[in-house]
């Protein structure tokens, strides 16, 4: 067994037995699997948040990572496995949600379309591939079944595109996008910290932020407690990206923004 | 050890330490148990949803299944164990929530009332039998303790009735009931797919649905993506039953229905 | 290995991958750890509820207990380990959330400030010590690393104080405080059952309760079902304290109270 760590993520939230059903499917295949429920609070059908969640695998042990945010389940969208250079396997729908993590994990090594029903749990419900196809694939992969056994090879360029590109610094400006809003109402952006560093903003300096029709000034800080309760901060987040938040309050509620919204950050 | 899979379901939601307390209770009895949190998002006191959740054990490994939706805790309602023909044990309150799953798992083989305090964790709180009685019973059963050790045998006919019967096709009509509304707002009905098939509706055909004072026409489809975003679908769900939903939207919010409501489906 | 039980609690709710990230951090250190997610629904930044959650360890196997309710993360507040006489280790921020449980577990045996970065997962994000410091410390402690290896000893009196003291009976009165409101809307108070017993209220007798500007009379009962649906009850809760609730309804919503509010109970 390469690794016995299998992570499950979905937009099923707390209210679905689908989470337990996927875990049961895995144990029926690999009783020694170590299932981690990474994140089931992805907002319904939110491919941005799903992709961002998969990125956080960067901090996890190498393993098999299932993501079930799958508005196209049962249609022609393909079930896929994507292997990355670090050694992890990502399993889920071909809707882009698996394609941002590979950028942080050495790139895609191989991708296959899952077609071999020998590795599915039948009957496969056309509205829940998580239990019938994705979780079982993770179980079998964790037992050492080779990727080629699951189906036909796909070229990375033929996969559905990732939901966001990486924002780049253009002179003193970054045109970014919100890719996740957490439960505290903090925004996470498609700006990697190494890209942010190119802007050369000093800790404590303020940047100008345009969001919707609002313009605000926000200090670049180290942690929330660097400002008073309720005040704005821009920080390096805990997952290699940049976050904008209110200390102990909800930015998203106060400024009425939603996932996917554009945001511009300017060094003044 | 027959099986080491123990599932826990409840209406405790995310906010209760009771979930972790039950898991701890189990490990203190059987350190080798494999606990799966099947579903803790059952709406408070909702016996319909609890019963429907227990049905989904159909897709799970054989094991010991605890359900704690227990408005009568500490009163005269009995704590029970129900063994089904497939080999699973269901443990929980005698309020009907354990009695629909056996219909799908070969029927009830035996039922006992739990009275032997040797298998309880004391002191038993009169408001939380999940930790004091049900989870410990699952732990002991998984170690091979015989069912008869827990208490006196009960006749199945003397148990509190299941919260719903199976809807039946009457000519071109099915009078059904909502037994679960999931987080996406989709309705799940007390209609088994094998019963539905007797209505002989073809994929793509529309049926007439009466719900409250509203009458709507809904196409019988294979998956959500067969219709446009926001449109109505009637599907075979992923747990042997029939579901009515809006693709990527909430049926329950749009039509203001609640669990337990009646619904009539007519083939035209 | 002393124990392999590690519990995780936080205010991350369902929506954060931080929960899975902490679990992954632990397995990367101790693959044999048994992680129990005790409670991630602690309201954001609520030190009262965090402290009360840690108390429920009283019912859990001896182990290593991480609490991440940490509004001061990354500031001067210290990361600490507190060992109690029962044998458990509590790991988290020095903000008082770890200091009520020891009262129930024999008292504090030793406390250290975590400074040795050999037992951290680097880089440590200044906004998420759960993954970088606390969870790893639990992992290493569970492998038998001695507490003194983590950093310098702290005197218990120098730790940030617990968020609540124990309410005491003064003649016929108890001046108490709400320390937790559960998902059913029931209030849990800083009154231990052994203290309550000194008031000598008989089951069925009514006490007078002052909360905000309201005065209500509530019967002391054994369980919820002792009163009708929607009626008031005062009970011994399932975690050694006193609770005030409505049977199958939300006290907190009806009486508009919040965690931390004062409440007076008078025997008449």
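When the chains are written out, they are named A, B and C in that same order, and each has its own residue count from 1.
Throughout what follows, a contact is a pair of C-beta atoms (placed from the backbone, for glycine too) under 8 Å apart; a residue touches a chain by one contact, two chains touch by 3 or more.
Keep in mind that what you see is a predicted model, and the values were worked out from it rather than measured.
*Asks:* Name the shape of the chain contact graph, picking from line, ring, star, complete and other.
*Replies:* If you draw each chain as a dot and join those that touch, every dot ends up joined to every other.
*Asks:* Working from the CA atoms, figure out how many degrees subunit A turns to land on subunit B, in steps of 5.
*Replies:* 120
*Asks:* Taking each chain's centre as its mean C-alpha position, how far apart are subunit A and subunit C in Å?
*Replies:* So the centre of subunit A lies 31 Å away from the centre of subunit C.
*Asks:* Using the touch definition from the top, which residues of subunit B touch two or more other chains?
*Replies:* In subunit B, residues 13-14 touch at least two other chains, as defined above.
*Asks:* Considering only the defined contacts, which subunit B positions touch subunit A in the complex?
*Replies:* 5, 7, 9, 13-14, 34, 36-42, 53, 56, 59-61, 182-184, 222-226, 235-239, 243, 248
*Asks:* Please name which positions on subunit B make contact with subunit C in the complex.
*Replies:* 12-21, 23-25, 27-28, 31, 44-45, 71-75, 121, 125-128, 131
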